[in-house]
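Following are the structures in question.
Presented sequentially are two complexes of chain A, the first with chain B as partner and the second with chain C.
Showing the complex of A and B:
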């Protein structure tokens, strides 16, 4: 498709007096505060203007105004349901600037939490996709089962959602005792539940009628629009930032990147289920293969006073000395990409040599996918809009930053 | 024509239009002028960089310029490891650039955001209106360095 045809479909359509506008939101229409201005001719959508920014907090500016390390807890509030994956890109960018690499055990632990977060994030998205078509059971089940993974993450990091687990050079805490058994139990439970999801939701003819063949995105459109995450892979494009081998231990593990060809709303939902299975596969391998060793780079372990260093190493919990917050970022810039549950997140950190980053650019997956609200709905009936929204797993605080 | 990888061919193409691409880890960096921005972008699309990952503005008040940085990305196996970074400097008091929406359709929201938060005008962009900032915002663009974040302090005096 030439870009002019694509552009014509992206542009806003005003319409005449035959067209009427429906305002959806901004009071939390679904996954957070955003507004869709929908233009209808009869029951057919002629245009949608996604009006975002209701939960904009100027994250990029705030990140410039504090020491580099302090931006980690700030940035994870963009996507609080996926906080390891949302900050790992920033941490990698800092590591590239600082010239430090995490030790192997820390890379395994990061991968472990990334996948636990990914499962929780997908369950959140699938639950919302359920309530979008009035399927309350799916919503309750997914949110209930998400609790299993949140508790696992809490066991590992000490916090249910705001983990702030990865720091430049490593992670904050070691694996707690008995974690492997709990994780394997959770996996066995989740595998059983995924089959039950199929019985009650995915194979339910009423759900299929709402989601199948709706909001079809073709592969070349997905590429040109820069769509990311499961929304991209459900359109037959095999791309995942984990394939870049820039973070974690994904190049040492065996797993598949699930891809589906249909590109419709149903395949976007099913793909999230496929990815949960793969994430559990990764967690199993991580727990089997995780090596012994330090969880923080030697360079930073030395910063901890000896009196605190011994207990920190013994207990596997690191309390950072004040000096750690005042790390000077060398002059330069770094780019990092990471795969969140929602898709690829992009960071570009520029430093002028002071403690605070000069500029932090972050483009979140939901911000990149917002273009689909313009592109997909025209031509569909109004009733299809919730199904399209539900299938995109869009998270407003993440898009607004 | 069909010799070397697509990335090498893109590098050669960029040299042919008078630009100097520099290789950095994971990035192919090009400093462009406002006039050479559109040809460079068209060349990138021809060689597989079919969408943007980011449009960014960096304010350099000491030099009196705003640097606009485009990161183009590809999902193809041979190109996905390298981002194409195109950097253009525009004067701070009149930052204007041609819109790349005809080259990269997904510049629609990325350029609009950069206009909203950094005040760079993209000529030819069909809808430069507030995206993340409130519709009645008339202060300076918040990502400029002369916009200071006011902090409230930790303690509040209560009478």
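Showing the complex of A and C:
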């Protein structure tokens, strides 16, 4: 860490009596359970220490103590607002260990829910970015419109947030009747609303004054610090785990990865709006192109007795084969990465051949982005801190795991 | 520059005013009104005594250890019971049940007075679920997607 770039941003000097320390949190300062130790010289921030770990729940250790399938509902609780994207990486890693591939229809359905979740997650982040600068209208609107996408997810999966939708080999539910019409209505509604978001929030001069030119992250710094997700792409770096083609059907669809060059708080916010548009574009294509076929891999489907399987399939759901209760993981290691609303999530699952994984390593996007709290605010006024915090879409339970 | 700013200020206020006159309310006045949950909603779980073959798969797959097998003295068959203090409504037990003895209900707005009441041994597990709001005659509302308003809640026919 001896780079001149970073030293230039750390203005704090030891033993400086002019410096005030301000503790923000760990009660809920607006977005989560974390503490920022802010050092101020007058009204100017000279240093910020993100003090994380208040919602640490030993997720990785708990995952070692459970049979492989049982960790899905557990890991979902890291980022409850984005539960499909947070678990798809784990499911992919299990699939690689088990040597099973999901059928095409299941891959389309996973992509569908991933994008619905991404929109809901971005709306959540944008709403909080609004309330951080006291724009409570934006907060209410985003959370209200998020309900539309949660309703869609509920009709697909049966749960509002904790979907537990993907399992090794496929998904648990097929498209319900009339889902396409509902989704298209939601998309058309959201497109109109995004224009209104621009009028009341993004183009609002009061909001621009707070967000524009604040917390600029340069591309080379973003790369050095290992930042991921919209925060990285708003700094002009085109990287997205969806491009790797490891999961979902992103290689079969036409969509853009929005990139912005400015790297300031405003561009990070605007980028989330761009991504919502692209996600809706993906959902449209998925609903048009989705092929017929099974939603669970043949390997598991044939283990379900036909008497049980056929009526369930007619209802658009699958039954689990009995083997799911104690799925034996072959010895080996597997890695998988997926793009969440907050950025890239990485899983490394090690198995010693038993039913429980020997080790589950999770690197979450918020954990990688939390470093920005240290490097972005110094040099800014204290009231720029909420703007920077809001623009990062940081989710403490995800970083702490 | 200055003109553009004024125009955008006015636009922001006008957009807000539009919703002041014609608000887009999504709040439902529970318990006078209650939303009918979607068809595949994973609510409270119902247990069918006669269909159960005591295989124990539900207790084995439960990620939260909410489901347990209970065996009475002198009886051969063990039967599942559920602890709603622990249940996370993932629905794994229902999906793995080989005889469809377990099924979802579309009831989720249940309240318990005591913690002990959340424990459902096999005999109690068979009880039927009813929404307390609907029992008191709440109007049932259906969720409809709408291009203009996002979600609308319309009375069920």
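Brief remarks follow.
Quick note on the criterion: the second predicted complex is superposed on the first by the 385 of 401 C-alpha atoms of A that agree within 3 Å, B and C clash if a C-alpha of one lies under 4 Å from a C-alpha of the other, contacts with A are read in each partner's own complex, and residues count from 1 in each chain.
We take it that a residue touches a chain if its C-beta (ideal position, glycine included) is under 8 Å from a C-beta of that chain, and two chains touch if they have at least 3 such contacts.
Predicted model only: the values in this text are computed from it and were never measured.
With chain A as the common reference for superposition, the partners chain B and chain C occupy compatible, non-clashing space. Applying the stated contact rule after C-alpha superposition, one finds that A:246 touches chain B and leaves chain C untouched.
In the superposition on chain A, A:359 makes contact with chain B only, while chain C stays out of contact range. Using the contact criterion defined above for the overlaid structures, shared-chain residue A:299 touches neither chain B nor chain C, since it reaches no partner.
In the superposition on chain A, contact of A:400 is made with chain B only, not with chain C. Residue contacts after overlaying the shared chain place A:158 against chain C, while chain B stays out of touching range. Legend: residue contacts after superposition of the two complexes on their common chain; A:331 is shown touching neither chain B nor chain C. In the overlay built on the shared chain, the residue A:58 is in contact with chain B alone; chain C does not reach it.
Once both structures are overlaid on their shared chain A, chain B and chain C have a minimum Cα-Cα separation of 6 Å. Applying the stated touch rule to the two superposed structures, the chain B and chain C interfaces on chain A have no residue in common. Within the complex, the chain A residues that touch chain B are 3-4, 6-7, 10-12, 52-53, 56, 58, 60-62, 65, 96, 223-226, 232, 237-239, 243-244, 246, 335, 337, 344, 346, 348, 350, 358-359, 361, 363, 367-368, 370-371, 374, 400-401. Put simply, chain A touches chain C in their complex at residues 66-67, 69-74, 137, 144-145, 147-148, 151-152, 154-155, 157-159, 162, 164, 172-173, 176, 181-182, 185-186, 188-189, 192-193, 196, 199-201, 203-206, 305, 308, 316-320, 322, 324-326. Residues of chain C that touch chain A in their complex: 5, 8-9, 11-12, 14-16, 24, 26, 37-42, 55, 57, 60-64, 88-92, 95-100, 104, 143, 145-151. By the touch rule above, chain B contacts chain A in their complex via residues 25-27, 50-54, 56, 58-59, 69, 71, 73, 75, 80-81, 83, 85, 101-106, 108-110, 113, 117, 126-127, 130-134, 142-143, 147, 149.
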